[in-house]
Amino acid sequence: MNLMLTNPPSPDIPAYSPAGNECALFETAWTRQLPLLLKGPTGCGKTRFVSHMAARLGLPLSTVSCHDDLAAADLTGRYLLKGGDTIWVDGPLTRAVREGGICYLDEVVEARKDVAVVLHPLTDDRRILPLERTGEQLEAPPGFMLVVSYNPGYQNLLKTLKPSTRQRFVAIEFDFLPKDREIEVVSSESGLGTTEVAPLVELARRLRVLKGHDIEEGVSTRLLVYCASLIDAGLSPRDAVRSTMIEPLTDEPDVRAALIELSQAVIR
Amino acid sequence: MNLMLTNPPSPDIPAYSPAGNECALFETAWTRQLPLLLKGPTGCGKTRFVSHMAARLGLPLSTVSCHDDLAAADLTGRYLLKGGDTIWVDGPLTRAVREGGICYLDEVVEARKDVAVVLHPLTDDRRILPLERTGEQLEAPPGFMLVVSYNPGYQNLLKTLKPSTRQRFVAIEFDFLPKDREIEVVSSESGLGTTEVAPLVELARRLRVLKGHDIEEGVSTRLLVYCASLIDAGLSPRDAVRSTMIEPLTDEPDVRAALIELSQAVIR
Amino acid sequence: MNLMLTNPPSPDIPAYSPAGNECALFETAWTRQLPLLLKGPTGCGKTRFVSHMAARLGLPLSTVSCHDDLAAADLTGRYLLKGGDTIWVDGPLTRAVREGGICYLDEVVEARKDVAVVLHPLTDDRRILPLERTGEQLEAPPGFMLVVSYNPGYQNLLKTLKPSTRQRFVAIEFDFLPKDREIEVVSSESGLGTTEVAPLVELARRLRVLKGHDIEEGVSTRLLVYCASLIDAGLSPRDAVRSTMIEPLTDEPDVRAALIELSQAVIR
Amino acid sequence: MNLMLTNPPSPDIPAYSPAGNECALFETAWTRQLPLLLKGPTGCGKTRFVSHMAARLGLPLSTVSCHDDLAAADLTGRYLLKGGDTIWVDGPLTRAVREGGICYLDEVVEARKDVAVVLHPLTDDRRILPLERTGEQLEAPPGFMLVVSYNPGYQNLLKTLKPSTRQRFVAIEFDFLPKDREIEVVSSESGLGTTEVAPLVELARRLRVLKGHDIEEGVSTRLLVYCASLIDAGLSPRDAVRSTMIEPLTDEPDVRAALIELSQAVIR
Amino acid sequence: MNLMLTNPPSPDIPAYSPAGNECALFETAWTRQLPLLLKGPTGCGKTRFVSHMAARLGLPLSTVSCHDDLAAADLTGRYLLKGGDTIWVDGPLTRAVREGGICYLDEVVEARKDVAVVLHPLTDDRRILPLERTGEQLEAPPGFMLVVSYNPGYQNLLKTLKPSTRQRFVAIEFDFLPKDREIEVVSSESGLGTTEVAPLVELARRLRVLKGHDIEEGVSTRLLVYCASLIDAGLSPRDAVRSTMIEPLTDEPDVRAALIELSQAVIR
Amino acid sequence: MNLMLTNPPSPDIPAYSPAGNECALFETAWTRQLPLLLKGPTGCGKTRFVSHMAARLGLPLSTVSCHDDLAAADLTGRYLLKGGDTIWVDGPLTRAVREGGICYLDEVVEARKDVAVVLHPLTDDRRILPLERTGEQLEAPPGFMLVVSYNPGYQNLLKTLKPSTRQRFVAIEFDFLPKDREIEVVSSESGLGTTEVAPLVELARRLRVLKGHDIEEGVSTRLLVYCASLIDAGLSPRDAVRSTMIEPLTDEPDVRAALIELSQAVIR
């Protein structure tokens, strides 16, 4: 696979531990100027992956967290009043198209509908960004890449990408790391030894099986890092587990009691 | 059929491979100053067709991607503040009516309701665009043509063209290309040989049959080009197929598994 | 009937072929200063009728296509910023009330609710237009007439005229022209001979029977003119019929197939 | 009843033919500075009654037609930009409170909810209008009176006066005039003789019985005047009846046919 | 009860006839700097009670009638344009917090949700009003008191105070006055003798029993005062009762007939 | 537990009586720069706890009460007009990120959806606040901490934290204080002796059992303090209990009667 980067990541590149062929896919998409869609659960490392690839490819990265009220104009730009005149101010997408680099729209399904459609002319062979309000039509340079992500686990019928948008992206499915890899990552991020981290990861894996039944989402790697950090700072494992792996997952007294019981079988 | 252009497309004309009489229909509608409605699935080439015809007829083309928040004023124009005064700035439709050429409204059903009605006086024998806010009434020149498109496959009960709007357009139905033609197009766009493209197209055709059952939309020609591009850049066919013809189509684990199985029967 | 105009329409008067007593009714309402409501299906000639009557009576005509976002202020006027001041700019209804002539609100039920109520003081014996924002109260001159139209065929429960609005208008019901008259009109508008037009009109009449069952609206006279125009420009009758009398009516494959079959029984 | 005005109405006072004790009630409410609520069907004369009483009592009258988008600020006033400053401009209610006279809010239930509440401090013993935006608190002078109306016949569950608003008004129920009185009024308003008007009123009374069954509202006195006017101008009674007493009432073909049959039994 | 004010109300203090311990409760809450919530039906005297207490305690009173569109900024203040700059203008709540006195929010549940939450830091031991837009944080002086009211009788599921808001107030339940007290109040407010008022109060009490069954709200004391005022001005008791105690309560013909019958059994 | 602060709270530190390990958890989270989520019922002391910890750690505290209309821009900042220019004004969150200290978002689930997502880059290892409108990207200093709270008791299906937001916080569950501790707190806050407070706390505990059945929320400690304050000021216990522990909890006559009966069994 001649696409893999062979030089080791420099200290400036955020650590990322690949789970499959996602690095090769990212680079091939970048080489071919194709936009990328990352799918996967909360806190499994999508954002870190994009930071890692941007640093590795030496590209500037502009990240936009999407939400219910994010409209196309928040990405493309707006007219603002300045000394009595209205002047145009580029949004982050427009800046990225003008200057090159990666524009990453995190949780793109949360954004308002007009955002997805603004992306259309940028994600077919035209690779243009028409700015209706200024009358400009920007052509994306070869160094521009659009990456979007979303979490298909949310049961939100109203929030989904239309086929006409989805079918414009090369897509990668993410999942949690394999057990041993996750232990390494959590230990290295929190400073807690792998022996102490191992049962936390074991517990997280048991809790993830409950996703969709008693709890909406499984424990993320991020929460595991939180938990190990608190233990490393002197909190008891039981208190740390409760505050990071149980209370953030549920408000239901019955479910909480069951999770505590489950955790006490794993964590002494 | 004396309407067909007999001179071969120049290198500046975007390549387009007609599936039926759509080129003749477009030209006749243009000659008779009738507006045109293009219907068809995602990524089957409607936008490319309009680019092709505009270049062939030597007409400027203005494309607007419609969305939920696109209002009439986004097409006709707005008053902006400039040095303390409000000055009028034409929108893309108004510019096209003033200067002639094709104005193409992509996915017109997505736009707000007032857009469709703004089109009414432009799409009957009056061919006028009244600008209520400025008090102007523009007459469209003979060289102006309105083209709109939408994808009837979306099961959106709230989003549909009213009969009073639909009945103002000559309409053309689009579908995917026949097998051999699609192989040629995908090969020529991606650089991958036709022998390697053929099973991809075969797989796409099998997946399209599932539309409306397990998947919302069939694989577009665009995704086929993406897939062939990734393979041409060195990715394995299985990885490329998964990232372009399976992950963009579904988030359901069961459906994904079935599609992978189906693809492995076609792609070694 | 001393109300009928006896002088033949001048060349400047848009051609209109009356189906009943609508011309006499329009004139009597105008003489008696009563507002008029035109009801009827898409493309049956309501807009043309108003243009015809306005020209015949020598009155200026101002037409407003109503839509979901059309508010009272779009008709009456707004304050705009000009050199730091807010100045009042009349809307089309206010202009018509100030200067006399016909103000025609097409598809009035589409407009926002405040529009219908703005019309109330203009449509009873007061015949006034109060402009709350400027503090003015305009009295309509004898030469002012309000005409509104809508299509009762739409099955839109939310969009209907309130009785308190409807009961302010003299109302005329429109329908499609009788067969022979429609053949004449289509032939004269398209340039195609009546012999070739006759089977198209025959087909349209068969399709109109399906309204409310398989299709939402019957074929309009306008679409017949489109069809005849395309044939006159060299397209085959089958292609022209499909693009103007079938594709604009339905997106359902089954219905489309049935309409094609029906059309092939009429059009060779 | 010492409250009845004994001097005959002057020519400047709009004619009004009382159906009961409404004139005495209006005057008593005015004397005692109580607000008034008029309830009744479309076109039965509520607006005319208010005009009549205002002229009779020598009071200026300010009428506001309420609608879905009418907000409190439309009644009380707004800040507008003037030479770079924001200046306050009184709305019609504020003007009436400052200067005295009757402020009449027609169809008050149509207005936005904040309107009803703005009326509260004006309609209890405080009789004040607080203008939060300017910081003023206006005391209504003795010569100020608030009159509101609505049509309880509309089956609109969402649009109703809250008890806390209703219980601030003296209320009068209106209905159509008795037969003989209505004949007189229609004849005098249209110019058509009472002999010819009588069967029209007879027909209207038969149609009013159908209210709530086949038709939403009965024929108003206003439509009777329209009908008689058209006949007086030369139209045949059948054409006039159809255009004023049938088409404005219904769009349903079956109901229309039934009404035509019913009308032909009464009108030759 | 050493909290009761023993000096008789001065002529400047609005008359108020207490039904229970509400005056002592108000004063104790004021002494202890606790906010107060008044609950009770329409027109039972809550607003009058607050006016009375404010005058008795010598405190300025600022009343805000809440409605659907009342937002936090209407209470706290806004930036307005003045000579090209934006200047801050205090709202009524901010003024009361700066200057002391009672701020009374009438029908607080009607207001938008952000209003209730703006009240939170003012209604716990912090007693502060943070003005996010100006960056100020105002501390309420000891002489500031917040009073809110609402009518729990409305069956509005969407409009209710959240527990986190309700549990910040000392609450008082109001009801109509006892019979004899109500007769005194109505007589004194209307000028009509107690003998003539007594049967009106008797009728009101019979009608109040129907609340929640045939009518939404019982007859308020205010309507009784209206009724007695009209009779005192010369109207017949039957006409006055119908216009003030029946028509304002219902639009249903059946219910109206029943109420008239009921009233004629009490009022000759 | 070396994390516990051993020096006694200074007089400037708001009194707080911990129920468990919440102080140690807060400090550990602060040391490790992790964001904190506080869950618990109305009036159980969450806000007081944050004030206490902020003072103890010597950190400035900025509190924002969230509500339905609180948008991201209310936290991050806005452009305001100043002398004809638009200038940027920081919101409370931006100020806290620039200057360090605790930013506390009370009832964060009430805020608009865009708020939660603005928090995302601040609550993972990036600890950044991107200000899209100014183009800045602020890095949170080590002394910045984000704390949010909400009440999981509300049965609001529409208002909940998404897993992708929840899983970014260390979470602490709060509940009411144990009986003896609550008696101490209420006595110390109100000035009423513990003997008189004891039955009030006993009653509160009995009422809390009814939560979710007859009443939406149990009696808060704050209401207990109100009740004891009123008694201390001279009101009878029965009147005080009714106004603070019964009327604020319910508007239902049946429930109110039951609560009164229950209270009279405890409070003489």
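We call the chains A, B, C, D, E and F, going by the order they appear; numbering starts again at 1 in every chain.
What we mean here is this: a contact is a pair of C-beta atoms (placed from the backbone, for glycine too) under 8 Å apart; a residue touches a chain by one contact, two chains touch by 3 or more.
This structure is a prediction, so every number in the text was calculated from the model and none was measured.
Common neighbours of subunit D and subunit F, listed by label, are E. Among the other chains, A has the CA centre that is most remote from the centre of subunit D. Of all residue numbers seen at the subunit B-subunit C contact, under half occur in both copies; the interface is built from largely non-matching residues. Separation between the centroids of subunit E and subunit F, computed from CA atoms only, is 31 Å. Annotation: 53 Å between the Cα-based centres of subunit B and subunit F. Taken residue by residue, subunit E touches two or more other chains at 81, 84, whereas all remaining positions touch fewer. All chains join into a single ring; listed from subunit C onward through subunit D, they run C, D, E, F, A, B. Here subunit E touches subunit F in the complex through residues 1-3, 21, 24-25, 28-29, 31-32, 34, 37, 39, 71-72, 79, 81, 84-86, 112-114, 116-118, 120-121, 124-126, 130, 132, 135, 152, 162-164, 166-173, going by the rule given at the top. Across the interface of their complex, subunit F is touched by residues 42-43, 47, 63-70, 74, 80-84, 91-92, 95, 106-107, 110, 151, 153-154, 189, 216-217, 219-220, 222-223, 226, 229-230, 233-235, 239, 243-244, 247-249, 251, 256 of subunit A.
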